[in-house]
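What follows is a pair of complexes built around chain A, which joins chain B in one and chain C in the other.
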Partner chain A sequence: MPPSFQETVRTPNGRLRGRIGLSHLLFLAIASIPFAARAARVGDVVETSVWTQAVRFLTLSDPSVRYALLGAVLIGVSTGLLGSFIVVRRMAMAGDALSHAVLPGVALGFLWNMSKDPMAIFVGATLAGLLGTAFVSWITSTTRIKEDAALGMVLAGFFSVGLCLMSMIQGLPTGNKSGINSFIFGQAAAIGPSDLKLMAIVTVGALLGVGLFYRQLLVTSFDPGFARASGLPVRWVHHGLMLFLAFAVVIALQAVGVVLVSALLIIPAATAYLLTDRMHRMLAIAVAAGVAAGVAGSFVSFLAPALPTGPFIVLASASLFSAAFLFSPRQGLLLRWWHQRSRNARVARENTLKAIYHLSEAHGFKGEGALVRELAERRRSTLEEELVRIRGLVAAGWATLSDDRAVVYPTPAGWQRGSEIVRNHRLWELYLTNAAQISPDHVHEDAEKIEHVLGEELVRELERRLQFATVDPHGKAIPAIGDIRGSAPSRGDTTIGFRRSGP
Partner chain B sequence: MNNTVPLPTPHTPGPAPTDDIPLEVHDLTVAYQKKPVLWGIDLVVPAGKLIGIIGPNGAGKSTLIKAILGQVPVSAGWVKVFGEPLKKNLRRIGYVPQRESVDWDFPVNVLDVVIMGRYGRLGLFQRPRREDVDIARACLDQVKMLPFANRQISNLSGGQQQRVFLARALAQEADLYFMDEPFAGVDAATESAIIGLLQELKSRGKTLMVVHHDLSTAKEYFDMLLLLNMRVVSFGPTEQVFNNELLQKTYGGRLTILTDVAEAVKQQS
Partner chain C sequence: MNELIPDFDFQRVVVAPWASDFQGNIWVVLMGFFAITACGLVGQYLVLRRMALVGDAISHSVLPGIVIAFLLLKSRSSGAMFVGALFAAVLTTVLIEFIQKKSRVKQDAAIGIVFTSLFALGVIMVSLFTSQIDLDLDCVLHGEIVNVPLEFPFVQVAGLTLGPSSVVRMAAVSLITAVLVMGFYRQLLVSSFDPGLAGSLGVNASVVHYALMGWLSVVVVSCFDSVGAILVVAMLILPATTASMVTDRLPWALASVPLQALLSALGGFHLATWLNCAIAPAMVVASCGLFALAWIFGPVDGQWAKRRRRRANALPDAVLDPFLGKS
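Up next is the complex of A and B:
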């Protein structure tokens, strides 16, 4: 007997674990295709030799390539780690608001000594982000305005202040303002050694923080009430997380830009969430997805320096997410579609077997097979349709077809399955009419569905509760397990391995 | 407790050290957005009892537990656990929050959740030891959930989820348990399993305070009842407290004056 669809849907954990590594490689392969194509087109427009640029990138001969790549890796690690916690804590919108709120800080950091000093910008941006977050808590705790509205206001308000300051900087007569715009959409090629130093410090800090306080983060994210009752510092964990979230956003600004940095927090983590149901694996997958997206995005950006990096990095992580959405072994659309399809096919085969049983029953179980013509008449279908269905049975090893294609013979296994379906159907009808007091003319439709999902154990339970009744509410005989398995003594007086109908 | 008004403890209850009194609550008052929801709660809870907290919706049953555990700001009053402030005895407290209070799609499995019961006993950087995992597994076995140890928590029925929460509380190895509606939305088999477990905990000298919503079983399940409706209507042995007059006072006819005054307090501020 083929496995029932229930068994295939609820795949045990052990089997999933094996598949993740493989499917992840698959995503990377698929995700890289559009990039190769896009890179070629971009190169045509920009009139630089794409090949020379690609070779420069891949051989890592250029220091700026090494900076960009290292930066992408560091950003992927820190945003993957923090983003995972943001996603499971349902704080994605807070991450978005925080990342937009940093813009005035970037501008003020620039104005501090009229240069792109990474430290000044880091401090300014972090402070602005945290100030925005504090604003949201202040608004929600003192007014009746709920968090979503407060986040929306702070996001847009801070961002507008930032935009005004940025255009003010553009209007300044100083010559040193080049590159300030890369903070809006990101420019990985602009990453310098001093940026990297900051990125490394933050990423190592995030790794240490998550590593050392993993269980505090886990329990306060899952059940803050319980965590507080166990004496864990829920508030401190939250503040620490928000601080590192601000750091991670700020170090990613140079590569991804203010507008899109929150996507890097959310998308890799959401991808990982589709692929696993353990937090530590989610962290690992989110980091891997973040790094892959960062590297792919900076590669494209390097080929076409005129284009911003942020959108490419985000597109790369979005394609990873799409791949996970389609192919995830747990929740992927493709697998779900496949299960649905194979379930429908199985139900169709079982219905054909059932029809053969009914036909045989109508003839008093005489004769070895069923006429295809009669089968078609019974089911009000054409001969062709019926033959297609029978071929499905033949392929499944449940029947054979005569050479003239006029008679279908169920194999022993096919006959057994057909009898089981009829038994399930009639038992369920009887149960509904007896136990649930539903009138006999209301039970058929329900039994049509239930017959395909009842397992052996439930059937035994039903038989026991119905005291091994032999006749269904419509007066038809219910095949018993013994008969179906061929162990009943009544086997002797049967024509095709089953007792004659009727009491 | 952080929000306790530091009253000059004038109160020396009973003869001497109160270590044998698991819980003492004095004049506990809670207000949400300035609107009082619990008024001057006084309780002295004896050890080794299974206590049901009952009352109508909005009576503050969950709020009482949360206030005792320091989860909601308290506007007045104090709480002592085994004769000391709550913070000093957190390890002796076990807590089962309402099942709906968490996201059951969270990426953890059953064993992960139960091990969380051990976290309160671990040092700042300490990871769960072999021993903690063993205790967690034993607790899962006690609620008959060991076969599900590696199951993701969303693939559980409501009753099974409740058992996981119970196992986590067991893993806390506490002496005083607070349980918020452990019987809500569980199947009959789980309900009888849970009550059996509570009885067993009680027989080992533990004290249990259980928010309960089903009056028909309250009398049978609990040794003592706390009838609550914004204030303590009555607290005592079930056979003394579970009578029509007191239940009427708890459930029937809202305590209109209290609600009105609460509204007035809110308007004033």
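Up next is the complex of A and C:
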């Protein structure tokens, strides 16, 4: 190996090693569970061999490691690209059926010249996968069997034929049978240079195909009706996608195995689906997730001799999915929960401001603050509860509390917000009674909700439609803009609005 | 090729197994028969409810449940396996629904994510702890039905020797399945075809749903070590789809399941003897063969019958077509 190559691969590794440290520790923790019981006997040996393997992997000193890594990257790219389309077309289970259906093809390809010839296996597996897909559509179109049952039948039927063939091959007296089992659960370490060539060809093909026919794929995926109307060959796009899908599944077999290859199509794409709304970004993220999972999975499975690669790659992508599921900026569970929480807190604060306004209104807007005791009485809560709420206001800068905790003074901003809420509430009540003919005693509940979400634009529009009414259906004054904002510019705004829309 | 597919020797394939080792082989066939019967009965309802792929998911994801139960209880007792698998099955359904509800990932992708992840977890545990749980990847894949007759001692009840424990267990499970399917026939029927009507008749559809899922996991577990995780899917779905080619009536479809099970188990056994291949997959191949026959010759939805009907109806169709907008 030329020394320069070693240099170039080692430099990024300095960083890589730091990042993988965590998963490494995690693996040791997992691995130590079974050995804890008999640590005295085998613990030492196993630990050293795990570390040696880790060093071998990280330094890329072994060609099989380099092949495995490159393979994982290529597989991640092709499955991420095609899997994204599978997920947005809701064909995830079709991908699963296709990937199980390739097994008899793998066995027949192996039988072709009784060796693990990548080309023969590639052709056999692709044909079997496509035959399986054809069977699914044949069965669903000629009988009343639903798609899910047809998929399940083809999946398990083809798979069992494959298993029969496999066991027949293993019973044969001649031939080199080693390595055929690695197709079922995957063994990235078994990837050879000729496998890599195929993977590279397929990946480049998938990139080119998706790049050239991106628009067609996009339109047929999201709006097949429009695609058909605009003369796109929807069927052919579908067949082409299935063909490339079969290719991608077949090249991934060696590393991930027949059983779990569908996970590689679905999980990275679903992860990306949670993270973005744009298809091209989804493709990029799915590819990145697939590559990351592939590399992490092959690393872990390389640490010990008998570990299959596929399950680790699947678990790695499943953890990426869980991370996206929890932390995605817009779709994430935690962030949505957080948004909801902060929204609820804001609504609670605004309700307290509203109560202060009501109290002040009841006293004829005399005096500066509101008595906490009266506030509590008005809202039928205890003093402690009221003080907790007021502390929320104080923290948000909307009010101050007197030292003896008896009086709460809204700040100018707080007072303004409170009046806005009351205005929104009363305007909405008026609008519902006037425009929607709802009786005045049925509008309060609705207004309670909408007062927190009405925007300034909408409020102006309401005011205009209600011809700047000043009294709500219950006879209470609607706070006008002038009361809320004492400053000149806002008054100017209102007049412009008035002139523009006035009769 | 000749080495791969031996000549069909009637004496060797059909007569010899029964003449030489009747005791050994009858248990294998019976195991297959009971497994397909139990799966087929439950599977009818899965297919009716369009939940075939949920069945697929559960049959995969019971694996980690079984392995964890093995590891925790250090025994291969049926009880531990059932509990572990039941837990895993419930977890699967709950997770699928959770992902579907709490994100915009659709049902098909959610199923794909959950069961592959759980299955991967199971496979990893099996390969890490192989020495502790006498279960290996081959067993997960296609089961070890050959080992059934080797389970000594045979179960004895009241002094009678019944048979290998797994066969007895499977027989009990399929018997209970049959009893349940008959006992709750109305509830299952109405909630499968018309959940709205079920609600108005006082049948709680979601209780039926979860009970079905729970029993599915019991059935899957009891045939797990003889047929493996993936072939179960075929045994769940194939009897139902084959029956739907032949009959329109659910009672007949259910009644056809034991017959299909017998044919598949026997056919698969002889196929495996002929070709020297694994027995459980061969039984599934035999089921596929039955489906293919039904697909062609089935009187209700078979292709031949349909073509004949179409030909018999040729004139009315031609007359009606202009009115139906087909020209």
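To be clear about the criterion, the second predicted complex is superposed on the first by the 421 of 503 C-alpha atoms of A that agree within 3 Å, B and C clash if a C-alpha of one lies under 4 Å from a C-alpha of the other, contacts with A are read in each partner's own complex, and residues count from 1 in each chain.
Simple rule for what comes next: a contact is a pair of C-beta atoms (placed from the backbone, for glycine too) under 8 Å apart; a residue touches a chain by one contact, two chains touch by 3 or more.
What you are looking at is a predicted structure, and each value in this text was computed from that prediction instead of being measured.
> Looking at the overlay, does A:Met282 come into contact with chain B only (first), chain C only (second), both, or neither?
first
> Once chain A of both complexes is superposed, is A:Met93 in touch with chain B (first), chain C (second), both, or neither?
second
> Just checking: does A:Ser167 make contact with chain B only, chain C only, both, or neither of them? Give me first, second, both or neither.
A:Ser167 contacts chain C only, not chain B.
> If you tally the residues of chain A touched by each partner, is the higher count for chain B or for chain C?
After superposing on chain A, more of chain A is contacted by C.
> In the superposed arrangement, does A:Tyr273 touch chain B (first), chain C (second), both or neither?
In the superposed model, A:Tyr273 contacts both chain B and chain C.
> Just chain B (first), just chain C (second), both, or neither: which does A:Gly310 touch?
In the superposed model, A:Gly310 contacts chain C only, not chain B.
> Between chain B and chain C, whom does A:Gly290 touch in the aligned arrangement: first, second, both, or neither?
neither
> Using the superposition on chain A described above, determine whether A:Asp148 touches chain B (first), chain C (second), both, or neither.
After superposition on chain A, A:Asp148 lies in contact with chain C alone.
> Taking the superposition as given, does A:Gly109 touch the first partner, chain B, the second, chain C, both, or neither?
Neither partner.
> In the overlay, answer first, second, both or neither for which of chain B and chain C A:Pro118 touches.
neither
> For chain A, give the residues common to its interface with chain B and its interface with chain C.
90, 273
> Given the complex with chain B, which residues does chain A contribute to the contact?
For this pair, the touching residues of chain A are 10, 13, 88, 90, 212-213, 215-216, 218-219, 221-223, 225-232, 273, 276-279, 281-282.
> For the complex, which residues does chain A have touching chain C?
30-31, 34, 87, 90-93, 95-96, 100, 111, 139, 142-146, 148-153, 155-157, 159-169, 171-174, 184-185, 259-260, 262-263, 265-267, 269-270, 273-274, 306-308, 310-312, 314-315, 318, 321, 325, 331, 333
> Which residues of chain B touch chain A in their complex?
66, 69-71, 87, 90-91, 93, 95, 97, 101-103, 106-109, 112-113, 116-117, 119-120, 122, 125, 127-128, 150-152, 154-155, 168, 172, 178
> Would you mind writing out the residues of chain C in touch with chain A in their complex?
The touching residues are 3-5, 47, 50-53, 55-56, 99, 102-106, 108-109, 111-113, 116-117, 119-121, 123-124, 127-130, 132, 137, 141-142, 230-231, 233-234, 236-238, 240-241, 244-245, 271-272, 275-278, 280-282, 284-285, 287-288, 291, 295, 301, 303, 306.
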